[in-house]
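What follows is a group of structures, each given as structure tokens.
Next come two complexes built around chain A: one with chain B, the other with chain C.
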Partner chain A sequence: MTLAEGVQLVAFGILTAMTLGGALGVVLLDNIVYSAFLLGGVFTSMAGLYILLNAGFVAAAQVLVYVGAVNVLILFGIMLVNKEQEFTPIKQAWVGKVATGGVCVGLFALLTASVLNTPWAISAEVPTGEMATVVIGIHFFTDYLLPFELASVLLLIALIGAIVLARREFIPDVAPGEPASEALQLPERPRELVSSVPGSEPGR
Partner chain B sequence: MQLEYFLLTAAALFCIGVYGLVSSRNVIRVLMSIELMLNAVNLNLMAFSNYLDPVGINGQVFAVFVISIAAAEAAVGLAIVLSIYRNRDTVDMEQFNLLKW
Partner chain C sequence: MNQGIDLQGSFVNALVDLGISPGAASALWLPLPMVVILIGATVSIFVTVWLERKISAAAQQRIGPEFAGPLGTLQAAADGIKLIFKEDITPAKADPILFTLGPAIVVIPVFLSYLIVPFGQNLVITDLGVGIFLWIALSSIAPIGLLMSGYSSNNKYSLLGGLRAAAQSISYEIPMALAVLAVVLMSNSLSTIDIVNQQSGYGILGWNIWRQPAGFLIFWIAALAECERLPFDLPEAEEELVAGYQTEYTGMKFGLFYVGSYVNLVLSALIVSILYLGGWESPISVSWLASLIGVSETTPWLQVITASLGIMMTLFKAYALVFIAVLLRWTMPRIRIDQLLDFGWKFLLPVALVNLLLTAALKLAFPVAFGG
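Now for the complex of A and B:
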């Protein structure tokens, strides 16, 4: 990264403010659609932070996968599950919120103390920078080959699993006036048996 | 630029994610909080990769793995949410007590 120090600092400040503000909005806003769009902003500013850290390839992957896939998937989920319901209030719900907030602030204090007190072994070497994509590719096909292949198998498993989980069960449509037979109510029964039930038209 | 700035940002993001994960009642918002936490971890990995291992950049490789796993997690999580919503007709976390004794 050839930017001046001041430019980097200002960019870091702006991106951090966008990230943390967006994250607070995601968690605290009432309207979940606003939360989903703010989540896209958080992901985009995280990509900016990655570029500040000399990681152009991961920044591009972040924009493609998170903003383009995960965020759109969440928006589709909101559309499919869009239910305007008032949650039934729980007694003493504020106790849980205050306790959670206390735990989170304590965790942040703990992390801050440990980050500031650890003597980090900062390396003085010049960062890889533009060659990062090549280096990542070499890593993928040499010492991280097995995790790489396992990740592809896992993505295939997740793809099939998500389809199997989310698809609707096959519900045969029964003509009005015709009594629903017992066979039509078993969703696991194959289609051939359903169509061969007397009274129902074949090929339906 | 300092390593500590990025680590503190990631810590704050992670704590926000934990708060959202525990205190939200909408299932979709819980999934979004999980994504926030994964992003905080990614930022940590990238900061360490840039400041402690700038030539090997193993942290960036790890971050790419985390991104791919997060995509799979979001897909399966939303499928589970859809399936539960179809059965229970609600998105309230407090009413999902299927696995509670």
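Now for the complex of A and C:
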């Protein structure tokens, strides 16, 4: 075994352990913030696996899109919502957990069986490696033009939708003369008028 | 274009001549450039901290540090030793794991980005095909560390600072990536070596700053925002947020943020000098001078001179930019968070898009000047 092969093997082992362990942590941990940070770890180790497959560009894109954008957005969502709600324990919750576990193990067994039983046709082509950007670009503008454009239109729709949602303004359709109805007003604590008269403050 | 000196090849050949197998010789070579770059990056912190202190002192008509070492050059070392010996406090209500991981996640990508910074034709750790794209991807990891340290400090100022830092870094990443894209469009490659080579040959006239003046400004502004330097140091605005995400940190954990910010500043300056100021190219092309006096490009002593001049040129350009950044820090007021986001999304982003479009049009119209 040469040095490169040994490094690849060890790196593959570490990255697989990180991906699997991180993914299990995302699902099993109670604290949602831990789950979100672990998700970033899972994405990063997947980028490492892409590097092992000679796909440096895909790895960098994975880090940029999934770690740098998606995961940060998830974290933003968690930290800005700030919903402090006590988790009430449900009776016989273990039934649900056992059922979920059973379904997951069954799915895993099915997938493993199908992976092991499929006669994979392993491609003998040499990986493009450093030329990947050129090849990907050519594919985008020839045979994958329609999916590429559809994906960009989808993103545009999501962008416009997000802007519309964020700029939503409640304009009550009330004539200027009549008083606004109670329903549209925010519940607000009655404010005490403090020190409106000069010299009447306590302690002066 | 000549290949310049090939240190790796000579090193491996020398070891093979000594009777070591070629595989072992390359394995021995592997850590050397990494260690050199790591040491270089660490030394750059000392230089930059000293520059920052001296220039700020000059801007405020003080003398600045002068007792630690000649001209106060060892002041940064004194700061570092103080930070190392300080008690490492984790607040009682903080989350200890995330609190420790946060600074590490901020610092590691910055050091990793030095992988693609070239100091000469062969003086780079690896000439990756994805080159500059790797730097953009790595710099997008830092917000996670900032959010992590902001959240785990269990302090509302820290959380606000972390959220601000992440928002700022996400909004300025897009104009920066678009500015880089315009340069990449001209050099037909993401590799940093190719980007510099495309600017070579005409001395100072060939540099990208003449072809991409708007891109240069956009990139420099966005880089300052990414480094959280003063016109954009909202995340740690001390009047509003105590010290932002750094509030609860002491000792070497704070030191990591400090190290990270200065290494990131030097890295950004290096990248600007590579993308827009011709990297290791001298203002007057050395190969043109050599051909003028009739010396072959493959002469050993000329190659050594070219290589050392290249390293000096790269560092000189980077430190000139660091000087500008420091001057900006001590002469500009901080902008508000709404101004920062408005500026990023409503001004820089459209201008960067127009710049990209113009570059593409000019590339089609004048393929000679804009890289056909």
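As a convention for this text, the second predicted complex is superposed on the first by the 162 of 204 C-alpha atoms of A that agree within 3 Å, B and C clash if a C-alpha of one lies under 4 Å from a C-alpha of the other, contacts with A are read in each partner's own complex, and residues count from 1 in each chain.
One rule holds in what follows: contacts are C-beta pairs under 8 Å (C-beta built on N, C-alpha and C of every residue); 3 or more make two chains touch, one makes a residue touch a chain.
Note that this is a predicted model, so its numbers are computed, not measured.
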(request) Identify whether chain B and chain C fit side by side or clash on chain A in the overlaid structures. (result) fit
(message) After the superposition on A, what does A:Leu80 contact: first (chain B), second (chain C), both or neither?
(response) both
(request) Would you check which partner chain A:Leu111 touches, where first means chain B only, second means chain C only, and both and neither mean what they say? (result) first
(message) For A:Leu145, using the defined touch cut-off, is the partner it touches chain B, chain C, both, or neither? Pick first, second, both or neither.
(response) neither
(message) Touch test for A:Val95: chain B only (first), chain C only (second), both, or neither?
(response) neither
(message) Tell me the contact category for A:Phe57 with respect to chain B and chain C: first, second, both or neither.
(response) both
(message) Which partner chains sit in contact with A:Ala132 here, chain B, chain C, both or neither? Use first/second/both/neither.
(response) both
(request) Using the superposition on chain A described above, determine whether A:Ala69 touches chain B (first), chain C (second), both, or neither. (result) both
(request) Have a look and say if chain B or chain C is in touch with more residues of chain A. (result) B
(message) Per the contact definition in the header, classify A:Ile160: touching chain B only (first), chain C only (second), both, or neither.
(response) neither
(message) Which partner chains sit in contact with A:Phe43 here, chain B, chain C, both or neither? Use first/second/both/neither.
(response) first
(request) Considering only C-alpha atoms, give the closest distance between chain B and chain C in the superposition, rounded to the nearest Å. (result) 14
(request) Could you pull out which residues of chain A sit against chain B in one structure and against chain C in the other? (result) 57, 61, 69, 76, 80, 132
(message) Looking at the complex, which residues from chain B come into contact with chain A?
(response) 1, 3-9, 11-20, 22-29, 31-33, 35-36, 39, 42-43, 46-47, 49-58, 60-61, 63-65, 67-76, 78-83, 85-86, 89-92, 94
(message) Using the touch definition from the top, list the residues of chain A that touch chain C in their complex.
(response) 2-3, 33-34, 37, 40, 44, 56-57, 60-61, 63-64, 67-69, 71-72, 75-76, 79-80, 129-133
(request) Sort out for me which residues of chain A touch chain B in the complex. (result) 5, 8-9, 12, 16, 19-20, 23-24, 26-27, 32, 35-36, 39, 42-43, 46, 49-50, 52-55, 57-58, 61-62, 65-66, 69-70, 73-74, 76-78, 80-81, 83, 85, 87-88, 90, 96-97, 100-101, 103-105, 107-108, 111-112, 115-116, 120-123, 125-128, 132, 135-136, 139-140, 144, 147, 151, 154-155, 157-159, 161-163, 165-166, 168
(request) Write out the stretch or stretches of chain C touching chain A in their complex. (result) 23, 27, 98, 128-130, 133-134, 136-138, 140-141, 143-144, 147-148, 151, 159, 162-163, 166-167, 170, 173, 190
